[in-house]
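Mind having a look at this structure? Questions to follow.
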Amino acid sequence: MMMLGHLLYLGLVNLGRNKWAQVFTIGAVVFVSFLAGLFLLLLYNINLAVTSTQDKFQYQVYWEKGLPEQDVAGQWEEIRSWDIVSLKTFTPEQALQVLVDSMAGDFDPGHLSRSNPLPPTALVEISLGVGDPDQLAKDTLYRLEELPGVERVSYNPLQMDMARTWMSITSRIFWPLIGFMFVITCLVVANTLKLNQINRREEVEILSLVGASSWYIQFPLLITGALQGLLGGLLSILLLKGLQVMIKDLLFFPPLWIRIEFLPPLYTVSLLSALTGVGILSSFLARSKD
Amino acid sequence: MIRVRHLSHSFGRYWALKNITFSLEKGDFLFLTGASGAGKTTLMRILHGSIPLQRGISQIAGFDLGTITPGKLHQLRRQVAIVFQDFRILSERTVWDNVALPLVVKGMVKTQVQKRVRAVLRGLRLDKKSWCLCREISGGEQQRVAVARAVVVNPKVLLADEPTGNLDRNLAMQLMDVFRQFHVHGTTIVFATHNEDLIKSQHNAKILSLKEGAVVDANWPLEESEA
Amino acid sequence: MMMLGHLLYLGLVNLGRNKWAQVFTIGAVVFVSFLAGLFLLLLYNINLAVTSTQDKFQYQVYWEKGLPEQDVAGQWEEIRSWDIVSLKTFTPEQALQVLVDSMAGDFDPGHLSRSNPLPPTALVEISLGVGDPDQLAKDTLYRLEELPGVERVSYNPLQMDMARTWMSITSRIFWPLIGFMFVITCLVVANTLKLNQINRREEVEILSLVGASSWYIQFPLLITGALQGLLGGLLSILLLKGLQVMIKDLLFFPPLWIRIEFLPPLYTVSLLSALTGVGILSSFLARSKD
Amino acid sequence: MIRVRHLSHSFGRYWALKNITFSLEKGDFLFLTGASGAGKTTLMRILHGSIPLQRGISQIAGFDLGTITPGKLHQLRRQVAIVFQDFRILSERTVWDNVALPLVVKGMVKTQVQKRVRAVLRGLRLDKKSWCLCREISGGEQQRVAVARAVVVNPKVLLADEPTGNLDRNLAMQLMDVFRQFHVHGTTIVFATHNEDLIKSQHNAKILSLKEGAVVDANWPLEESEA
């Protein structure tokens, strides 16, 4: 037990040797994981933005022309009672107004309003957040189409494709990225440990010659690796948080209105433990003879 | 305590040791002599387990070097201490740390360690240099640190490879005194040296002379009486 | 002269020592610069996409209602002779048709076409690629407004803002990113060189003791650093090219139609020379005592 | 050739050399003696420029160690060769490479280098070990490599720090022969040793004894006649 404490202490002492090399390494670990964290932050925020708009799905519903206003209004009430996000309704008059507004200045709708060519319409927005989005989208489509008096329901299938594409891109980039981060960190940490070890080669040999067990020799190296990973990770998370605070409002303007959020705790904790693990791993890597 | 039979060792095609046979009992004192390159260091390193045994039989302090596993080697080395010809001390550590190392590595308690280290350093006239870094002491002082590190564990067998090469006559004699003390208390000692004065100074010592890897002279019967 | 060749050779030989450490380092350099290159590639391609749409600027031109068709057509011809990217023209009939098409199915434009409320319009697209975009946009606006019979010219000022915002974001990310890449690469290369040097410390000392000049001792280290940077850079560019070929068509679908392009030669060459420079730089960093 | 006046040197608060004064002419042969820790190595290292001069005057082979710049040190070291007590040879290089090093570093042409190295290795009985790595040779062989590397440059001054500590009597005498050859050709030699047999074997040699950093004995007048 006392021995274990002693070995832990030796691992810590190791960090004090080759000071410059340690600084270089932890620096490199910091920068690498910072870069990776930045990438993560980017993806995470784009993801937030995409899902907050793209998991909603819109239908444009057209009723038959000339339907009594009360009937249509009744159906609007019904739709409103469904599990939807929002409903925008347009009587033929409102639709015409929108149309006219979108046109050049002094366009007189007078004669149009007398024989309005437009049907009543509504814009229904639902959330695809829960369950199978495909099924949900289809179900809602049927329900809308089966409302009496509804002539046509249009929607943009591309909208869903976009969201899906984004997800597939992220997942394609995400894991390779994380993998990369690991490999680099591993390489960098292993490199210093290697250096540490080469530097300690004589010491290790002498330790073994005076009767130290290989456990006594290897364990401190492992601790050193873990500490390097952990320290580098902590510093890079601090840096990242600083950056996030600085650029929080960078995209907070029309039409984006995106606030850059920090990574959730789960992410940061896994980042840290991953880096620590990598540090330990590389202490094994460093044992390879050269 | 030591039993070597038909031991041969080659580095590539060069035979550094050829068919060596001898035995030592507990408490024996052996001088190993021979010209430069005769194989003295090689023999010591085999006995200490730092070169694997190639041919023949070699037993020391109850361990068989032909069958010992790497995981058990450190146990052997806690019984069999060695003074290297090139010292092999940690130049960036203090004299004290170097001498304490074999005890710390065993997990000995601190007060014990201090007592032992202090005694040994005093015996080798190193007490004034305890807190100097080993790269900052003279050649002869380094050599004595190497000796101190070996004797501090109170080994069953002490292998000393040319431990007086950098010492003047006075210090060499003092060092012999230290060795004799251990010898008296039952430590088996193998002492490689070129210094004939030292050999003469020790009575009832066994002497083994090597030449180009072979035994050319010995002052006691090498073959065991096959009882 | 012969001496110089000898020193170059020594630098090369250095690469052969500490093989694992060299592999680790060049590996780390590769991954770091690959990551940076990936970032560059991403930015470069988004930039391409943004500028290919955003450096164009659109005006919607409305003529007075009831203008003789020939007059308007004549002006269209004139606009077409300007230095513009494209011109889409709409007679009142065409405009109505577009309007009708965009509406629900069986909407009868019969009575509208008789007294068409819409004016002739045109969509003018110009390129802001050369000169001061603000000035160019204003000039074209004046020219269009001064055409006889033009009632109103509308445009979306946000369009330019978006492009500007993007540019500002890229330039904010770009240089820090490049800086990071440098720092990491520097750290990683310096680390190995440090290792190399610690490993050679005895050799260096002995060289100096037997009468070698400090030039003789330092120059090979410099070469080693440069080689590490260069090699790492070359490998990472190869990797990047491979990736680009693999993901070229990842975004080639509607509505993006983006082909991922490789970095232009200027970029790759500067990347390489920068890495080589960093290697040399870090050979100086590695000289710092520890 | 060597002129040392009132030279003192301290490591921290410890005075390793105290007010040393002596002079050597071209072609002198000096034995430097003294117990372990007397300051022999320190004096040699100052003369070689590896420890900066602190107090006093020290001139060697036309260089003044008080005013020499780091950029000129390598020129001094091409005239003044040293055999270190701890050898300082490159253990991962061959014997040949180690001995050729000072010549390669000077930029000497290859054929010259070969001729010289071969001659020196033969003189020190190392020709059979030319292509062995230095970590794979015996202690005495390493010591001779260190000597070979020093003499190969044909130095004006040869500083040898305990160059026979790992050699048997025969080899020690052979090494003395090599030194004598250089001596005859005009090389100034400073030889630190504990071996009294060696000192006796050399006639007309000057002898300087140190004790705790001070000169305690010398067989020639130390103070220059202030002409």
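Each chain carries a letter (A, B, C and D) given by its place in the written order, and its residues are counted from 1.
Quick note on the criterion: a residue touches a chain if its C-beta (ideal position, glycine included) is under 8 Å from a C-beta of that chain, and two chains touch if they have at least 3 such contacts.
All values reported here derive from a predicted model rather than from experimental measurement.
Asks: Could you run down the chains that neighbour subunit A and subunit D together?
Replies: For subunit A paired with subunit D, the chains in contact with each are B, C, in label order.
Asks: Select the chain at the greatest separation from subunit B, using centres from the mean of Cα atoms.
Replies: Checked the centroid distances; the maximum from subunit B is C.
Asks: I'd like to verify one number: the distance from the centre of subunit C to the centre of subunit D, where each centre is the average of its C-alpha atoms, in whole angstrom.
Replies: 65
Asks: On a C-alpha centroid basis, what's the spacing between subunit B and subunit D, in Å?
Replies: Distance between chain centres: 30 Å.
Asks: Please tell me the distance, in whole Å, between the geometric centres of subunit B and subunit C computed from their C-alpha atoms.
Replies: Centre separation, subunit B to subunit C: 70 Å.
Asks: Taking chains as nodes and touches as edges, what kind of graph is this: line, ring, star, complete or other?
Replies: Its topology is that of a ring.
Asks: Which pairs of chains touch one another in this structure?
Replies: Result of the pairwise touch check is A-B, A-C, B-D, C-D.
Asks: Okay, in this complex, where on subunit D does subunit C touch?
Replies: Where subunit D meets subunit C, its residues are 48, 50, 70-71, 73-75, 77-78, 81-82, 84, 88-90, 101-102, 105-107, 149, 153.
Asks: Per the contact definition, I'd like the list of subunit C residues that touch subunit A in the complex.
Replies: 18-21, 24-25, 27-28, 31-32, 34-36, 39, 62, 99, 103-105, 107-109, 111-112, 115, 117-119, 121, 151-152, 158, 165, 169, 172, 180, 183-184, 187-188, 190-192, 194-195, 198-199, 250-251, 253-255, 288-290
Asks: Of all residues in subunit C, which touch subunit D in the complex?
Replies: The touching residues are 2-3, 6, 202-203, 205-214, 216.
Asks: Within the complex, which stretch of subunit D touches subunit B?
Replies: Spelled out, the residues of subunit D in touch with subunit B are 11, 34-37, 41, 85-86, 136-142, 144, 161-162, 165-171, 194, 196.
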